[in-house]
Every structure is written in C-alpha cells, then in structure tokens.
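What follows is a pair of complexes built around chain A, which joins chain B in one and chain C in the other.
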Partner chain A sequence: MHHVVLDRWSRGRSFLHHRDARAKVLALLAFLIIVATTPPGSNAAAAGYGAFLLAAALLAGLPAGGVLWRGAVVLPFSAAFAAMSLFAGDNIRAIALLEKSYLSALAVVIVVGTTPMPELLRGLESLGVPRFLLLVVQFLYRYLFVISEQAQHMRVAAGARGTASTLAVFRRWRLRAAAGAISVLFARSYSRAEGIYRAMAARGFRGHISLLAAKRFRWQDVAFLVASVVVPAAVRIALGAGGGWPR
Partner chain B sequence: MHIPDGFLSTSVWATMSAATVPSVAYMVRRAQREVEEARVPLLGVMGAFVFAAQMINFPVGIGTTGHLIGSAVLAYTLGPAAASVVMTAILAIQALVFQDGGLLALGANVFNMAVAGVLAAYLPYHYWGAGRWRKAAIFSGAALSVLTGALLALAQLRFSGVAMPGAVVWVSLGLFTVNALLEGGITLAVMQSLEALNPGWLRKPAASGRTAMGVLLTAAVLLVGAGVLFAASDPDGIEKLAENLGIASHARTLLETPLGGYEIQYLSSGWLRKATAGLAGLALIYGACVVFGKLIARRRSA
Partner chain C sequence: MAPLIEVKDLRFRYPDGTPALNGIDFRLYLGETVALLGANGSGKTTFVLHLNGILQGEGLVSVCGMQLSKETLPDIRRKVGLVFQEADEQLFMPTVLDDVTFGLLNLGISPEEAATQGREALARVGMEGAGGKAPYHLSAGEKRRVALAGVLVMRPEILILDEPTTYLDPPGQRNLLELLRELPQAKIVVTHSTTLALAVSQRAVFFQKGKIAGEGVTEEIIQRFQWDARQPCRGIHGG
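Up next, the complex of A and B:
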C-alpha cells in the first residue's frame, strides 16, 4: 500500500531523522500556527515557507517529488472550496486556501516522514497526550495494513463470485452482501485482537510499549527547534502582507 | 468531512481544540475504566477494522457506490467512550499518515466526528435500543452521527469565513442527508448480521421506557446542529439581532473570538498580537490539562 512509503522514509538517517520527536512536533505546531495566522494575499511569504520546507526535505534526504506529491492529497478538497471563493469574487482568499492547506500538509509529511511512528507517539506521550489513546493509535497503525489486506482479499473474492455485476436485480442483494462481508471482517478482527493480546501478554506486555533506547533532548534539538521557529517567523514578518487579522 | 489545515480561522480551531481536549481526556478516562487491559489491542484492531471496512463498497445508485463510516457500529459494539477513543485514533492516523484532515484542525475534526458524532449515534440506541423501536434506533443513530458531524463541520467552515454560496450549502445538506440515510441502512444491516453471528458483541442498551428524555435529547442534538449552521450561514442576521438588542459592539467578539480575551495589549503589530494570543491560549489549555491530569493522578494514588 502506498503509505508504506512514509514508513520507509522515516527509517533513513539524516540531521532531521536524528532530532528528538518532541522537538519536531513542537516545531511542526509552531510552523502550522505561523502559516495559519498569515493573512491572505501573502504570496511572497508562502513562497518563503515553501523554500523552507523544501530545504528541510532536502536536508532529510527525502525525495522532493515524492514529498510534493504526497502533500498534494489535500488539493482536490481545497480546490473545490477555492473555486467557490473564486466565484464569490475573492481570488486572494482562494489562493490563500490552496497555499495554506498545501504548505501545512507538506510540513506534516516531512515530520512524519522523518520520525518512525513509535518514536513520534512516544514524543507525544512525553508532551502529555494520554498513553491509553496513544496505545490505541499504535495498535491501529500496526494492524491497519494487515486488516486492509484482508479486506482487499475479500473484495477480490467477492468480485470473483460475480458481485461486480451491475444488474438492477442484484442491488438489494449486494447491500446485504456488503453488510455480511463487513460483519465477517468484524468477526475476524475481533478474534485476531484476542490472539494478539494473548501473544503479547505471554511476552510480558503490561499495557505499555518500551523503546530500546530513550532519546535525550540535546543541544542540537534545541538549536533545531529555535531555527525552525525563527526562520518561518522571520519569513512571516519580512514577506507577509501586513495589517489585517487573518480570518 | 475532514477539514484540512488552512481553512479554519484561528479563533475557530483554537476554540474547538479547547473544547475537544477535555472531552477526549474524559472519554479516555471513562474508556480506561470500562475496558480491561486485555481489550486495549482490541480497540486498536477495531480502528483498523473501520479503516478496512471503508474499502468494502456497496452500490448506491447508477454507477456510484457508498461505504461505511463506522462510528455508529463502534458505538454499538464497544460503547460510546471506547468508540470515541477509537475514532480519535482513526482521525489522528488519517491526519498524520494520509494527510486526510489537518493537524491544527484535528481538534475540530475530533469534536465533530469522535465526540459529537459518536454521542449522537449512541443517544437513540441508549434509550430505544432494547424495545420494539430497536431497528429505528440503530438506523437513526447512525444517520444522526453523520448529520451531526457534517453540520458541525459546515458551521465551522462558515464561521471561519470560507465562502459558500447558499445554493452550495443546500446542495451539500442534501448530499449529507443522503449519506446519513445510507449510513443508517448499512449500519442496520451490519448490526443485524453481527447479531446473528454472535449477540455478545453488541452492547446491551439501557432498558427502554424513558422515552420523553430520549426524544428531548435527540431533538436537542438536531436543533443545536441546525441552529449552529443557520447562525453561521447568516452571521449578518445575528448581528442585526444583536444590534436590536443593543449588544452589537460585543457580538462579534462573543461569537467569534472566545480566546480574544487573552490578547496581549502591548504588542502593536496586529498579527503578532493575535498569534501570541493564540499561542498563549494553547499554552493555557496545555498547562490546565497537565495540572488537571496531575491532580487526578495524585487523587487516584492517594
């Protein structure tokens, strides 16, 4: 599946990969807030943010094309609303919607693409997010691929049995069939979860997943955090359209 | 509908985050109390199940297909608190890994779908899930959860000043209604076949009988949703009303910047002041949550 790519990126080695997850999360939040509060019409500032993100992606050794493409997932949604703003005669706002949503998505891609998921979740935990919630996220992420594949197999099998037919006679029957497939998937997931717990309990799982090595917040992390707040903020002050409160 | 970053105004996303953080904290504590340790993997795997179930399409009309959204199925099987936690986890993964919904907008998205959506789904089931209205309760709960989430998202976008012509609002309301009815249908079908497989998977609803309370609550959910949307789609109307009542000067701040009170006076640059206000608000929320959590932890260990 295509998001395995993000997982592979996150296992690379670079200055950005080695930074503490907490520093990256805080830098990401600061960047998103700076972008969100930039007033519409600051195209120069948007270009500046873009250059900053591109530099970060290159520093991390991520393929620039891949990053740009993954961030573009948000564009269809944004484009629909931008088109509405355009029809309402507000071109500045239309462009701002596209710029802001794209830049924000790129920033998330870069941070998630340089931080393995367990590390990211551990970072969030030490920032105060409840451990219980993060455990659920971790299990979800781990079994997402497994169960999605199972669903895909079931879909292929159902197609092979002729559910792809578009005859009207089968419509009502196909809703039933879809519901049946979903509940079979539910049953399989349920029993898989029980097996998972037994296996983990046998290996010493006590409701907490420990990392092999705890990361330290080092001076490089502080420097990274300061730089990644100061640079976009400077871009914002130097290039942003001044005055009006962004809505 | 997952709102990406860049759409919500600062006052809207900050307010929604301020509302979501304590709600999710409460849901997590409740789920932790209800769910024994053995079921933590279950919650995660159920989240993965909802993700995967969205790949199973069913036909809707000519050439189009729909898919399960799933918050109602989760609420009826895991209970509202655990369902809320699982939906939050799903939305977090969607925002982080799939770029489906923004990170600053996560507070709003979680509130719409994981808090309000799940509660709206469970409400009819809680009151009528046991009696002879069971089917109707399952159907309407699933439909309500979709409608509530969609109405809230629309309202937040309108409050943020995203331009939406009236016609678009009405067309999307129609689409949401169709979606809601579909979700009701597929949820009912899934619940029936789950019950046939193993009745133990379904959560026992409260005994039926407190009909008046249920009607009142369900009506309240619908009214609040619709009211918020209309308030948002015609803010001028509200301002006129406010003017007539003589509170015009306060109306905008009351309606749009609940965090505006934290503005710091001595910063002259407009955006810097607002950004600082936003950051200060976030810091306050964060600090309050940490202190609150510590207090609870101390009380529990004492």
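Up next, the complex of A and C:
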C-alpha cells in the first residue's frame, strides 16, 4: 500500500531525512511555485527540475524507480486536462501540463518519503496550517494502518472459506461479500472511534490537543532550504525559455 | 479505613434500553488489588467505565471521598488511571512520546516537563528509546506497555486495567505480571485469565448479568463459579 511504503521510506537516515520538516515544506512550496511559473514549452527547464529531483531522491536513498512510479499517480488526472488542451490544438500546453503535474507529484513524494508523518504534521502546524485540519489527517493516517490490517484479516478469512473460485455465481457472491465486508469495516471503525474518544476522555481530554515543543531549526536546515530554492530557481532562470515569466 | 472507591446501587442502561448494570455495590481499599471476573457481557467493562466518569449511570460513585459529578470529573480522572483493553484505541497520537505525554499536557504541565516525565514513564515499563516511534510500529506487548506508561505518567492513585493480557504471549504476560506487582497503586483488574487474577489479586468480584453474584478471596471465587478452564464443566451459567 502507498502509505505503508512511504512510511517505511520516511524512516531512513539520510541527510534529507534529518532536515527539519518546516525546511522541507518551504522548499517544496518554493519548488512548486517555480515549476508552476515556468513558461510552457521550457522542456530543458523541465529536464533540469527532473534531474534535481532525481538527485534529491538518490541523496535520500529512495529507490528511483519507486519514486518515479509513485509520482505517476497524478498522470491519469492531469492527462484528462492535457487531452483537452490537445484537442484545442495547444500541444505545448498539453505537454507542459503533464510535465508540471508529474514534477510536482515527484517533489511531494520525495518530501513525504523523507519525513515521518508526525514530523510533517508538526512542521505544517508550526507553519500555520489549521490544527483541526491536521488532527483529521493525523487520525486518518494513524488508523489507516489499523483499518487496512482489519481489512486484510477479513480478506484472508474470506479466502480461507473458499471465495477464490472464478465461477460466475461465486463472483456475484464475492461482490455481495465485499459489500458486507465494507459495512462491517464501517461499523468497526465507528466503534473504534468511540473507543478512541473514551481513551482520550479518560486522560483528561477537553476538546483541545496540546503538543510537545517543536524541534529547533538548525543552520543545516537553513542551508538546505536556501540550496533547494536557489538550484531550481537557477534552472528556471537559465533554461526557462529565456527566464521570462508566463503570460 | 475509608475506601478509595465506593459505589452504591449503580444502575446503567445503554441508549437502546439494554440493562447493563443492575444495582452494583463495590468498595476498593488502599493498596489492594481486586480482580473482576465474569462472562463476556456481564457488565465488568461497563462498570469500570463508571469509575473514571466515562459512563454515568444512576447511583453513587465516590472516588477518594469525591462524589462523581461534572465539577469533580477532572480530579477523578487524575486519580483513576484506566488502561483500555484495545491498546490501539489508547495509542492515538503520532508518536509514542506524544501519546504518553497526552494526559500530562491536558493537566497543564509544560511540554518540557511532560517530555521528561514521559521518558521516565517509558523507562519504567521497559520502553526507553521508543519515544520517537509511531505506535503502529510496535508489537502487541509493546503497545500494552506504552498504554500503561501513558496512564502511569499521570501518577494515578487507582489503576484500572481492562483485560491487560489480551494479545500478549506468555513471556509478555509474565513481564506484565511482574510490572503490575511492582506498582504500588490500588488496582482493579478486569480479566478472564485466572492465572493473572490469582497472581495479582487478593480479592475477586464475580459479575453475572449486570450484578455482583459473589465476592471474596480470589481462589474461592474461581472455585465457586467454576471459573477455571481446566475444571470439568458442570453447566456454565450465561452472562
């Protein structure tokens, strides 16, 4: 599963893994802005950004193939918009759409793959992202593991009772069983949510979650942030169709 | 000696009308460990949820001389530490240290002090160095220990453990047993394990259909209610 793989990657020990989450989020934001403002048709700049991201992935010890593959998750969505540009006769914009969305997704995968989710959420919070939104993400991420494990157990239990047959009658039955399993998962999730609330209340929860102090922002983080903004910005100026801003 | 916990004629019905507790009288004294035994659905967990104010039924619940009410709830929750059966439900924060310090931060303790106390509590349950881990990377036994640390860190006077040996292998159960023996708090242990009940409790209370069917020395209660899986079955009562 995507979140399990990314979680495993995020527990690495590279230079990139050790950087403060805030530095990585700010660098990501800068990168996304630089990519978004690169004029369409700047294929050399796109190649430069790609090389920069590939170097970052290698520096972090992430599997290049895995990163490239996971970044492609956005392509079906952006391809729909690219197709519209293509039908409108704007080939350059269609290619730029695909390039930019893919590069942006790659950058997100690298940041998420080098930052454990708790640190990432804490970094986002100290950058001013609303706490409530982050709490929702935190709980979702935390219990995604538990619910996916439950789903896995149910699948194994169903398999153990012979749902592997490919006969049409069994395929129909499997669909019904899957619908039943989803409703069971929902009921279990609901019951678990109640249990979690009880556990929170038992330890004095009164509607507000306080957190431990955030990490210190060190000079290595500053250096990393500066480098991660300067390099793509230099690519943008040098190769981005003469350095002009999009019209 | 005044009891730490006193419950008189406690009654509770679930929202759908199902009666869960039908007039419970119970006392817990300083330093003692009481095992709550009984069939599934007999009301044990529902009962202990009242002792921390999570559920509130009819009747009197008094903790350390304070009658349970909206005003006394924060103090009572500080005095009664509840370790839930499902450790996954108790460990909801992103990292182990965040989770262990959750209760302390709710008490208004500074983040620095909470972190120090949290690390001490983790060391106490043999989980030092696990503070930065995510709860989903822990084994069942480790989760159980961290859940216990999250309650111990609040220095409760009374400790309630709901099925603490669930999902634990025999060495894990042995470690937990040793840990429980070392803890000075008065304890209530909800369990199906007669081994655990005999090892930690002096007194047992047997629940049946939302009532206390009997209480006394743990060994006698186990004998009287045939509550040992090794005993020959002579028509077990439902619950």
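Everything below uses one rule, namely that the second predicted complex is superposed on the first by the 185 of 247 C-alpha atoms of A that agree within 3 Å, B and C clash if a C-alpha of one lies under 4 Å from a C-alpha of the other, contacts with A are read in each partner's own complex, and residues count from 1 in each chain.
The definition used in the following text is that contacts are C-beta pairs under 8 Å (C-beta built on N, C-alpha and C of every residue); 3 or more make two chains touch, one makes a residue touch a chain.
Note that the structure is predicted; figures quoted are calculated from it, not measured.
Participant: Report for A:Ser101: first if it touches chain B alone, second if chain C alone, otherwise both or neither.
Facilitator: In the superposition, A:Ser101 touches chain B alone.
Participant: Which partner reaches more residues of chain A, chain B or chain C?
Facilitator: B
Participant: After lining up the shared chain so the two structures overlap, which partner does A:Pro116 touch, if you call chain B first and chain C second: first, second, both or neither?
Facilitator: Only chain C is touched by A:Pro116; chain B is not.
Participant: Would you check which partner chain A:Val146 touches, where first means chain B only, second means chain C only, and both and neither mean what they say?
Facilitator: Once the two structures are laid over each other on A, A:Val146 reaches both partners.
Participant: Looking at the overlay, does A:Gln138 come into contact with chain B only (first), chain C only (second), both, or neither?
Facilitator: The answer is both, since A:Gln138 touches chain B and chain C.
Participant: Which partner does A:Gly180 contact after superposing on A: first (chain B), second (chain C), both, neither?
Facilitator: In the superposed model, A:Gly180 contacts chain B only, not chain C.
Participant: Tell me the contact category for A:Gly204 with respect to chain B and chain C: first, second, both or neither.
Facilitator: second
Participant: Enumerate the residues of chain A that count as touching chain B in its complex and touching chain C in the other.
Facilitator: Overlap of chain B and chain C footprints on chain A: residues 138-139, 141-142, 146, 192, 196, 200-201, 206.
Participant: State the interface residues of chain A toward chain B in the complex, per the touch definition above.
Facilitator: Where chain A meets chain B, its residues are 3, 6, 28-29, 32-39, 70-71, 73-74, 77-78, 81, 84-85, 87-88, 90, 93, 96-97, 99-105, 108-109, 112, 120, 128, 130, 132-133, 135-144, 146-148, 150-152, 154-155, 166, 171, 174-183, 185-187, 189-190, 192-194, 196-197, 200-201, 206-207, 236-237, 240, 242-247.
Participant: Flag every residue of chain A that touches chain C in the complex, lowest number first.
Facilitator: Touch list, chain A to chain C: 7, 116-118, 121-122, 138-139, 141-142, 145-146, 192, 195-196, 198-206, 209-213.
Participant: Help me check something: in the complex, which residues belonging to chain C touch chain A?
Facilitator: 49, 52, 54, 74, 77-78, 81-82, 84, 86, 88-90, 92-95, 97-98, 101-103, 105-107, 111-112, 114-115, 134-136, 150-151, 154
Participant: Considering the complex alone, what residue numbers of chain B touch chain A?
Facilitator: Listed in rising order, the residues are 2, 4-10, 13, 24-25, 28, 31-32, 37-49, 51-53, 55-59, 63, 68, 73, 77, 85-86, 88-90, 92-93, 95-100, 102-104, 157, 160-165, 168, 185-186, 189-190, 192-194, 197-198, 201, 269-272, 274-275, 278-279, 282, 286, 289-290, 293.
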